[in-house]
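The structures considered in this document are given below.
The two complexes that follow have chain A in common; it is paired with chain B in the first and with chain C in the second.
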Partner chain A sequence: MSDARFMPVLAGHAAASDTPAPATPKNVPYHGGPVNPSAEALQARFGDAIHRVDIVWGETTVIVERSRVNEIVRWLHDDAGQRYDYCSDITAVEFRDFERPIEVVWHLRSLPYRRFIRLKCLLPKGQPLAVPSVFDVYRGADWFERECYDMFGIRFDGHPDLRRLLMWEQYKEGFPLRKDFPLRGRFSRSEQLRQILSQNPEAKYSMEELSVLEAFDELPQDMQQRLGKGERVGE
Partner chain B sequence: MATTKRTVEVELSTTGLDAQGRPQRVPLVTDAAGNLVPVTASPAVEPDLEGDHMLINLGPQHPATHGVLRLVLELDGETVVRCIPHIGYLHCGFEKTGEYRQYNQIIPYTDREDYLNSPGNNVAFALGAERLFGIEITERCKVLRVIAAEMSRIISHCVWLGTFCMDIGAVTPFLWIFQQRERVYTMLENWVGARLTTTVTRVGGMAADIPDGWAEDLANFVRTFPKVLGECETMLTKNAIWVGRTVGLGAMSAEEAVNYGLSGPLVRASGVAYDVRKDFPYLDYETYDFDVPVGQAGDVYDRYLVRVEEMKQSVRILDQALRRLPDGPVNVADHRVILPPKHKATSDMESMIHHFKQVMEGPRPPIGEAYVAVESPKGEKGYYMVSDGTAKPVRWRIRPPSFVNLSAIPKMVEGHLLSDVVTINASIDIVMGEIDR
Partner chain C sequence: MGLDNRATETSVSFNPSSQEGWVTTKLDFLVNWGRANSLWPMPFGTACCAIEFMATAASKFDLARFGMERMSFSPRQADVLICAGRVPFKLAPVIRRIWQQMPQPKWSIAMGACASTGNGIFDNYAVVQGIDTIIPVDVYVPGCPPRPEALMYGIMMLQKKIMNERMADRSLRHEMEPDPTSKLYIPPALIDELSENFGNSVQQTRSGL
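And then the complex of A and B:
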């Protein structure tokens, strides 16, 4: 260990020297206010793929074209003038108005420039819910995308392991955070209880885990398929 | 002498000196002829696995997983080749329930997600809701919230230090540090009446002002707590067993830590000075004088050092907050969110309307959205709220820091021993209530 050469990575180290020190936002306006410079850079770089730029409560929101999300995020991550190296959050919003499209939201931070930006893309109803994954840019996006898939049923194309995360793999009721999902669930209490009691969560291994056991490969094809559908001994 | 019971006498005897000059002691046994001979190592009778890997299921009911976490480990001998975490055993659907609750009614839910940091979560949620309502809170409220947040940082780190010691096998610091935690809980009880689930904030203010004499209690705590912390440090920091069990485990480089989205003490132990209080300040944290401890190697030992130093910095902030605590109202005078005084409701038409609207409909923010992040003891805790103009949020999202920190555990435990998985898992400081929500 070379103590003499160790330098911590300081947030804000890439910002210009005349940038004011960060301060608590005061009297934040409802709309308007200073815009994040990255939004203009995005418009200059991607043109039509940037649908709209909003500033709500001081936070810059950029609505982007669905098919180019990965490209845009990768550019924000790699470009020397942006360096959005930290993925704060990925989630989705469905509105009570059923006509309104579902929004997928990315909250990104640029630690070197101390910037915060919100990217959004709109998924109209009646179309397959899918957006490109940003897993290859941020490893931290792994569980965010899995959770978003689990809760909303939005597929993240390119995610290597898009499985349910919080609900169990054989969960049959659908996607809990969708607005058409009732607060108490779709099934009756007795049916929910029956399904839960028929699960043995401690005796269950995913296909990936089972694949280390050599015996798995020697199983007959139909048994492998039944295991793949979640059937376990004792159920 | 006919007996079926076979006894073997075991004694310890000195056969010589080792390299350091200490007497070597080996057990002696009696052989068939009745002579005392040193024990020779018996040949290994372990089953020969021939390089086959083994699946081990750690949890979900295991005290060292700090809740209902299940880790499926693929082992080569005792070395972890692959780790697959399973979460969701404590999933309660807080986010779904929040869509059916008014803003003030959601605050009790924030107590119960990261239950070691209840006041800090209350503060974070109230800040987010106030951004959504467009409210500026009073100066006294700001300082009280800083006090609440820093107290909860101390108790959360106290629990972490105590349970981490227990996981490694040291019980004494657990008892010392939990005594101090109890003092903070007693202060919280005197303030809001509850110990664990505090619900200390409201949108636009606090549940209650601090009672008379409470500030002296806190000043007393600020004066005496560093001494106990120093005793724990004396016991642990240069302890050979402690160092041997923690150094070099679960190391993450600075680039990896940022890319995996780690936050809080984990990312700072890796050498990245990212602290929401410094870089995206809230509650006037930029006017407090405190340091951000940064580690170097990103291993478990550095995380321990960073957390202990953070407790000391929290004590500094508490000290400054006590000195500057201004007089004045705690709650805002905005009657969209805070009820007018009761006597005015029966005498003043305007106040009665506010009472009626708030009680019957609840406070209604304008259409909009806000993401407000604070530095919780575990890292960047964010609340994302979307309003469609009604009294209940369309979406209430928790950005849980330990959820993201835990998602990096396969990377951290890879190549380490099975016994070190427990240490690394404890060093992440997970709270399953927050991860599963």
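And then the complex of A and C:
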């Protein structure tokens, strides 16, 4: 949209006039129930890339092919009949069953049509944990993907700045939400403390971060020099 | 009036009939009395303890009665660091830097179970098990979170501690950085080995993980 004016989205304004008014659903079955029409549209358009459609507690989950995630999300976002304009979460699930693949989950919401869809893609054990990034569709996916990388070690191909988000960038112990990660970390407490205290708290910035760019002239001289030379930490 | 009557005496002479008031005291007592009753806290609030700390500072409990009416949000003008809440490892260098920026004399209070010990439920990969592993702590206030009365009791304990300080004791204000070349330095591996019997949480297996 080239129009620079802010246009508020009225929830449900694009839905058909016979769509029932929103209300809290009652007596929702565990499996089955009305399917999100976007799931059928996806099957019609992408065919083999849509592996399965589940309806769990009234919400539609679509299992998709890993390599075509970006294309599918882009279509859901752009198509005039879908308009999924809000990416509310990107996360991953690992199960205790070691045979079961890790799932990456995208939660998308269409405000104009009042629809919610959950995309999943399965990453079998033993294969590289990588999925396409949807950063070019939703700028808001930036930190979701960084957090998911930080906690699960899943690489999002195409993300411009895939660094750790919650743990500090030089964190060496692995990916905390994986099932093989011990609750208290791999290193002893004193070793963990020694590692973090030897970090320089000011070295965690890159020129790409907007707040640093804006305040660049106010930074200390040595930081200006380091960042000016293109120093990036924690890659 | 005050400017005209400036005292010009260069020596002290005792005159029982004078109306001037005199107090004799120990310098230690005077200095400590002044310090204890004008502590400026540096609040380091990270969790629910900070809410209790705010309640303590607000009108109902009124921390100002203890000379702490000025919250110092800059460490350079602060006397006492009140760490209220859990400290994740990512904040460990931050709280140490804040402590180093505070000028002497300085004290610190670990408010609540998380800041004192890590609180057990936060015994995980991300949380520091007590801020006394990062900075020296004068008073531990138990509770989850402690009520304002508990924090004020801790503050009064700190005031008592300050009243007992002696200026001649240089070791009170002596800051030591860990020096690996010193004979007193204990490497982390040895700390782990020594503390294993005393509940080093890495070796504990009570949750089976």
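General observations
Here, the second predicted complex is superposed on the first by the 192 of 235 C-alpha atoms of A that agree within 3 Å, B and C clash if a C-alpha of one lies under 4 Å from a C-alpha of the other, contacts with A are read in each partner's own complex, and residues count from 1 in each chain.
Convention: a residue touches a chain if its C-beta (ideal position, glycine included) is under 8 Å from a C-beta of that chain, and two chains touch if they have at least 3 such contacts.
Computed from a predicted structure; not experimentally measured.
A count of residues in chain A touched by chain B and by chain C gives the higher number to B. With both structures placed on the common chain, the touch criterion links A:190 to chain C but leaves chain B unconnected. Judged by the touch definition given at the top, the superposed model places A:93 against chain B, while chain C stays out of reach. Of the two partner chains placed around the shared chain by superposition, chain B and chain C are both touched by A:168.
By the touch criterion defined above, A:176 lies against chain B and chain C together after alignment on the C-alpha atoms of chain A.
Of the two partner chains placed by superposition, A:18 touches none, neither chain B nor chain C. By the touch criterion stated above, A:139 is placed in contact with chain B alone, chain C being left untouched.
Comparing the two interfaces of chain A, the one with chain B and the one with chain C have residues 166-168, 176, 181, 183, 201 in common. Those residues of chain C that touch chain A in the shared complex are 89-90, 92-94, 96-97, 123-126, 128-129, 133-134, 188-189, 191-192, 200-202, 207, 209.
Chain contact summary for the complex, chain B toward chain A: residues 52-53, 55, 57, 60-61, 70, 72, 74, 82, 84, 86-89, 91, 93, 95-97, 100, 131-132, 134, 136, 254, 256, 258-262, 271-275, 278-286, 294, 296-297, 366, 368-371, 373, 380, 382, 384, 386, 388, 394-395, 397, 399, 403-404, 407-408, 411, 436-437. Taken together, the chain A residues at the contact with chain C in this complex read 166-168, 173, 176, 181-185, 187-194, 196-197, 199-201. On chain A, the positions that touch chain B within their shared complex are 1, 3, 6, 8-12, 21-24, 26-28, 30, 56-57, 59, 61, 85-89, 91, 93-97, 105, 107, 109, 111, 114, 116, 118, 138-144, 151, 165-168, 176-177, 181, 183, 201-202, 205-206, 208-209, 212-214.
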